[in-house]
Amino acid sequence: MSETESNPPAEEEPNRERTFGDYGGQYVPEALMPALQELEDAYQRYVLDNEDGFMDEFRERMRDFGGRPTPLQRADRLSERYDREIYLKREDLVHGGAHKLNNALGQVLLAKYMGKERIIAETGAGQHGTATAMAAAHLDMPCEIYMGRTDVNRQRPNVYRMRMNGAEVNPVDAGSGTLKEAINETMRDWATTVERTHYVIGSIVGPHPFPRLVRDFQSVISAEARDQIQEQAGRLPDSVVACAGGGSNTMGAFHEFVPDSSVDLYAVEAGGSSLEIDQDEGLAPNSATLSTGTDGVLHGAMTKLLQTTDGQIVESHSVSAGLDYAGVGPELSHLVDTGRVTPASVDDDAALNAFHRLSNLEGIIPALESSHALGFLEEAHEELGDLVVVNVSGRGDKDLETVLEETEKRDLDAAPDVEVFDR
Amino acid sequence: MSETESNPPAEEEPNRERTFGDYGGQYVPEALMPALQELEDAYQRYVLDNEDGFMDEFRERMRDFGGRPTPLQRADRLSERYDREIYLKREDLVHGGAHKLNNALGQVLLAKYMGKERIIAETGAGQHGTATAMAAAHLDMPCEIYMGRTDVNRQRPNVYRMRMNGAEVNPVDAGSGTLKEAINETMRDWATTVERTHYVIGSIVGPHPFPRLVRDFQSVISAEARDQIQEQAGRLPDSVVACAGGGSNTMGAFHEFVPDSSVDLYAVEAGGSSLEIDQDEGLAPNSATLSTGTDGVLHGAMTKLLQTTDGQIVESHSVSAGLDYAGVGPELSHLVDTGRVTPASVDDDAALNAFHRLSNLEGIIPALESSHALGFLEEAHEELGDLVVVNVSGRGDKDLETVLEETEKRDLDAAPDVEVFDR
Amino acid sequence: MSGEQTATIDSDIEAAIRENHPALITYITAGDPSLEDTKEYVEALDRGGSDLIELGLPFSEPIAEGPTIQAAINRALDAGTTPARFFDLVDELETDAPLLVMTYYNMILQYGSEPDVRPFVERAADAGLSGIIVPDLPAEEADPLRDACDDHGLDLVFIVAPTTAGERLDRIMSQVSGFAYVQARLGTTGARADVSNATHDSLTRLSAYDVPKAVGFGVSEGDHAAEIIEAGADGVIVGSALVDLIAEHGTGDAPAAAALESKARELKRGARCGGEQRNGHEQGREEAPEPEQP
Amino acid sequence: MSGEQTATIDSDIEAAIRENHPALITYITAGDPSLEDTKEYVEALDRGGSDLIELGLPFSEPIAEGPTIQAAINRALDAGTTPARFFDLVDELETDAPLLVMTYYNMILQYGSEPDVRPFVERAADAGLSGIIVPDLPAEEADPLRDACDDHGLDLVFIVAPTTAGERLDRIMSQVSGFAYVQARLGTTGARADVSNATHDSLTRLSAYDVPKAVGFGVSEGDHAAEIIEAGADGVIVGSALVDLIAEHGTGDAPAAAALESKARELKRGARCGGEQRNGHEQGREEAPEPEQP
C-alpha cells in the first residue's frame, strides 16, 4: 500500500478525475476495472478530444436521428399563472420521447468506436431500454436489455418497443424484479462478457467514468438552453429546475450553468408519499436521495443513498418509475454538499397535479418524472426569480395508464374527468 | 342563374380558386357558406398575405411548441438494403407524434385571429383530435372533438390524451361509429354554431378553402425537405414517397416539389386486404381511393371516392386507422388525373412488414400510416431513382397494440418474436 | 323581376303554394321502413291536406340531418332503398299534392353511368316529380343541376339559412325556383318544442322579397305552424315530426298512416289559423296609419 | 520483496494456506437459512477439513454473485441477519480454520454511526476474524480499508480476475495480503460443471508471482479441486456448491451439516490429490532439463 501512495505521478491524475469531491470512484469487481480503464481512455480520446470526429458524428446523428436541437419554449399560460417568465426545455421532443437518447446514442456510438460488438443495458420502466434499443438498431449493434420481471409485466408497451427495435429483453427474476435488480444483473452480464461488450448505463450513476461520460452526452441540454434563453429572453435565467432520478437530465440541464453563479439550480426528487424510511422493512416511500439520503456505495460509486443504518439499500417508491431509484449521481451529491445545487422534493400528489396542469394549460403531456420539476414550480415559484427554465425531460404518453389509475385514487384539483365511455 | 354567370368580376376570382381542375368546390349546406367565405377571406389575409404577422407567429410556434424543423435523416441501413440513397423526413418528431399538429396549430391560431371562440374537430383514430386538443390547450381555446363510439372505445389512450389537454370528447353513436360519422356530426355542430365556432378539419379534404388552407400549413414539410435534401445530398431527389389517407401529409410532402418536374411524386394508399369493392354490402376492404375510386361529392368537395354505383359511400378498411377514409383531397385527385402524382397502394401485410423493418433496421417505430410509404419503398424501390425521400408522417407508439394483434394473425418475415413474458 | 316571376308561373310547386295558401309541406324518407309503407304514408299525407310532399331519397352521409332523419335514412338504406326503386315508387304514386325529391348531391351525380346530373333529372321528370331539394348544394355549385332542371321543367329549391345575408341573399332570392326554403334556425333538421327567434328574424329580413317562403327545420306542432304563418311565411315544412310518428308505429302498421294523416290535418289547421290571424293584422294595419306599400 | 513477505508472515491466513498446502477454502452465507444453522455448518466445514472459512455477511445488492449465492443472501436477509448479529455469531465460533468475512463495501462503510471503515474492522478483529474480502473493492479504492486492516492485523484479500493484467496485475500482486483470490473465469460466482480454460491461463500467467494463490468461482467437485491444484494453485475456494447443499437440505436439518462436512472432505481430498500430481510433475521436471528456479 505504501507503494500506491509512493506512486503519485501515475495515479494522481486519474484519481483526481475519478471522484467529485468525496463522491464517485470505482467500486466494482476487479474483473471490470480494465474495461473501465479502457472506457476512460475512450472517453478522453473520443469525447473530450473528438478523435476521429467522434463528437461531430454524435452531434450530427443527434440532429438527424434524434431531432436536436430541442426547442426552448416560453410557456405562456404558466408564465401568466406564476407571474414570471417560464421557459420549458422540450426534451420530450427527442426521438423516443425523452432525454434518454442523448446518452444512449452517445454510448452506443462510443462502443462502436471502441470496437465493441455487443451492447447491454438495464432498464426500469423501460425508458432507457427503449432509447438504447433505438440507438443500437440505428447503429446496427446487437443489444440486450435487462429488466426486472415485475417491470417487464407492468411496462409491456416498452418491452414490445424494445423487441421491435430488435433488442433482446432479459427478464430478471431476483428480488422485487425492478430497476435495482436489473442493474445488478447487467453488471453480472458485463462482468462475464466485458471484453467484447459495452454496458450502456442509463444515468449519471455507476463507476467512473460513467458519471462524467453520461453527463457530457446530456449536457447538450444546457448547452442549447443557455444559448436559447439568452437569444429569446436576452439574459441568463434566475433558476433552472429539473427532476432527479439518477440525475442525468438534471446534470444535463445544469452543467453549462454551473459556472454561472447567478443561476440557481434546483434538483427535484420524488417525495413519494412521505419522506420517512421504514428501517425494519427496508422501505422508503420516496426516492428523495439528495434530500434525505446518507453517504454510501451503490452500483460502483460513493454517493448519497437511501439505506438502512446497517447499509442495506432500501426499496424506494415513487409514482414515477423513472425517479424510483435509491441512489443518485455522485456529481449531484457533491454539488448539493457544496451548495451549488439545491435539492427539493415533490410528492406524488403534487406531481400528478402538475402532470394534469401542464397537459391542460400548455397542451404538453409531460412525463411523470418531469412533472416533479413542474410540481416544484407550482410550490416554490416565488423563490425562483423572474426568469425560470424548467427541463421537461420527457413526454407522458408512457404514463397515461399510471396517471389514470393514480388519479382515480385521489382527489386532485387539476385532474379532468375522463369518463366519456359511458356517455 | 343567368345572373351568376353575368357577374364575372366579383365571382371569377374565388371561383377559380375554389377548385383544382374539376375537383374541390363547396358542397355544403347553405348555412355554412358565409363561414366558408369568412374563412376564405381570413385565409387570404392571414395565411397568404401574412397580415398581422400571422404566418410569423405560426412559424415561431411551430418551432418552439411543435419542434420544427424536423430532420431529414439519411437512413443508412435502408440505403444499403435498397442500394440507393434513402432519406426520411422525420414528421414523427413533431410534438404529438405526427404531422397533424402542423395543420391543427395553424387552424386554431387562425381561428383566434378570426375572433372565433370555440374549436371543434372530428377524429378517427384520434391523431387529429389529439393534435387539435394540444393546439387548443396551447392557445387557450375551448375545444370539442367528435369521435365515433367505436373509435372512442378502441382508441382509449387518445381519448385520455384529449381529455387531459382539456378538450371535450363527444362520442358519435351513428352508423359504424367511425371517422365518417364523426365528420358528419362535426359538420352538424358547425352548422349549428358556425358564427362563433371554427371547424378544424383534419386533412386536405372538405369544402374550399380547407384543402388549400391545410395544404399550406402542411407544406412546411416539403419546404424544409427541399432545402435539406439539397444541403445534404447536393441535389433534388428523384422521388418523394408519402402515404395518403385524406392526403395532408402527402400534399405537405409534395407541394414544394410539384413545380420540380424531375421529382416523381408517389401517393401510397392503403390496399387493405384487397382492392375490390363489395357493392351489395357497401364495403371496400381497402381505402385506395386514388387508385380505384370514382368521382363524386363527399364532405363538401368533389373528389375521388369509394362509393357504390348508386352513390352511397362505402365503409373503407385498412389496418391503419389514419388511412381508413373513403375520400381523398381534391388536389390529389387532380394531380393524379394530370399525371403529376402517381397513385400506388400497399396492402396490410406489406405495411406491417415495413413497420417491423424500419423499427428493426433504423430504430424508428413508424406510424402504420407511414408504414405504407415504407412498404412501397420495399416493393418499388427499383423504380424510384437514386435519391428517394420518404415522409415518415408519424410515430408508431399509438399502433403497438394493433400491430401486435395483426402480426399474431399473420406470418410476416420482418416481425420479431415478442413473447418474453413467460420466459 | 316580373319577368322572372312569369317564368316560374308554370311551376306546379309555386302554384300549389299560392293556391293553397298558407301551404303545408310534408317530408318523409322514402323506404322508411319500406317502400311499400312509404306509398301508404304518402297517400295519407296527401289526404291529410299536404299541399306539397317531399320524399327523401336516402344518402349514406346526411350531413344536414338531425338524429331523427338520420335514423330514418339508415332504416331506408337497410331496407334496400335505391334510386331505381325510389323512382319505381314515384311512378306509382298518384297524389293531389305535387311531389319533390330531397336528396344529397352525390346521389344525383351518380345516377346513370357517369358522374352527371342529367340522367337523374330526366328520370325525376319522367316519374312526375315537380322539384328537387339538395341540402348540400349551395347556389354557387348549382349551375349544372339548375340547367338540367330548367330543361326538364323541374324546380330546384334553394335553402335560405339564418346566416344567409347581404349580396348572397339577394342573389339567391332573385333565383328562387318554386319557393324559398327558409331554414328556421341554425343546425340540423329535427322536431323542436318551440319556434326560434331566428325564424321571426328571418321572416322579417325576407319580407322585402316577394317570393313564396316556406319555413322548415324544427316545426312539429299545429301551434308552430300557426305562429310561423302569422309571422309572414307562406308555408310550413314538417319532416322530423312525421318521421317520429313512423318510427313510433313501426312497419306495415295501419295506425302509422292514420297518425300521419291526422298530424297533417293538425298542421294544416294550424297553418290556416295562422293565416287568418295574419290577415287580421294586415287588415288591422291597412286600417291603421298607412302601410309602406312599394 | 522478501521484506514484504516477512510483513505478511504474521498472517494467520497465509500461514493456514502454507501449512495445509494445498488448502481448501470454503464459503457459506451467514444467516442462511439462520445464524444458528450457520454455526453448525461452520463447525461441519471445519471438521470436514477446511483450512480457511469465508463467511458472507449479506448485502442487498450482491453484484458479483450468481443466482445461488444471491438466493442465499436473500434467505439470510429475510432471516434478519444484521452485522451486529453476524459478529455475535463469530464471537461464539471456535474453529481450527481461521475465518474471513466476505461482504460488500457499503456494509463495511455503514457499520458504526458514520460512514467509516474503521468500526467494522475493529469489531471484526475483536471477533477474531483474520481477514476481509470485498468483491466490489478494487485496489484503486482500497486505501482506507487497507490502512484499517493493517492497523488491526487483518488481511485484506484482493481478487485477481482473468482480465487483470499488465501494470495493474503487478501492483496487485505486490500488495497481496493473505493470498491472491484468483477468479477462475469471467462472470459471477456459481457452481460450474468444469474448470475453465481461463483458470489454466490465469495460473500460468500468475506463476511468476511467488504469493499464495487460491482459485474460486465455479469450483464444485473434488475433481475440479484436483485439476486446479495440479495446475499450480495453492488452494481452492468453494462456495456455491456448498450453498446448494444448504438450499437442498433446508433449515435445522442435521443432514445439511453432514452433507457439508462430507463435501468438504471430498474437496480437500481432491485438492490433496491434485497436489500430489503436481509434486509428481515437479519432481519429473526436476529430473528433466533444469527448472527455472529463482
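Think of it as A, B, C and D in the order they're written, each chain with its own count starting at 1.
The working rule: a residue touches a chain if its C-beta (ideal position, glycine included) is under 8 Å from a C-beta of that chain, and two chains touch if they have at least 3 such contacts.
The UniProt protein names, listed by chain, are A, B = Tryptophan synthase beta chain; C, D = Tryptophan synthase alpha chain.
The model shown is predicted, which means the values in this text are computed figures rather than measured ones.
A.B. asks: Tell me, which chains sit next to both chain B and chain D?
C.D. replies: The common neighbours are A.
A.B. asks: Look at all chain centres (mean of CA atoms) and spot the one farthest from the centre of chain A.
C.D. replies: Farthest from chain A by mean C-alpha position: C.
A.B. asks: Which whole number of Å gives the spacing of the CA centres of chain C and chain D?
C.D. replies: Each chain reduced to its C-alpha mean, chain C and chain D end up 100 Å apart.
A.B. asks: Which whole number of Å gives the spacing of the CA centres of chain A and chain C?
C.D. replies: It comes to 68 Å between the two C-alpha centres.
A.B. asks: Based only on mean CA positions, could you tell me how far chain A sits from chain D in angstrom?
C.D. replies: The answer is 37 Å.
A.B. asks: Using the definition of touching given at the top, classify the network of chains in this structure as line, ring, star, complete or other.
C.D. replies: Per interface graph, the chains form a line.
A.B. asks: Could you list each pair of chains that touch one another?
C.D. replies: A-B, A-D, B-C
A.B. asks: Residues of chain B touching chain C in their complex?
C.D. replies: 1, 3-5, 10, 15, 18, 25-35, 37, 174-175, 180, 184, 187-188, 191-195, 282, 294-300, 305, 307, 309-313
A.B. asks: Quick check: in the complex, which residue numbers of chain C touch chain B?
C.D. replies: Contact set of chain C toward chain B: 59-67, 70, 74, 77, 82-83, 104-111, 115, 135-143, 146-147, 150, 158-165, 167-168, 171-172, 174-175, 183, 186-188.
A.B. asks: Quick one: which bits of chain B touch chain A in the complex? Just the residue numbers, please.
C.D. replies: 63-65, 67, 70-74, 76-77, 90, 92-93, 95, 97, 133-138, 140, 152-153, 156-157, 159-161, 163-166, 169-171, 356, 359-365, 397, 400, 403-404, 416-418, 420-421, 423
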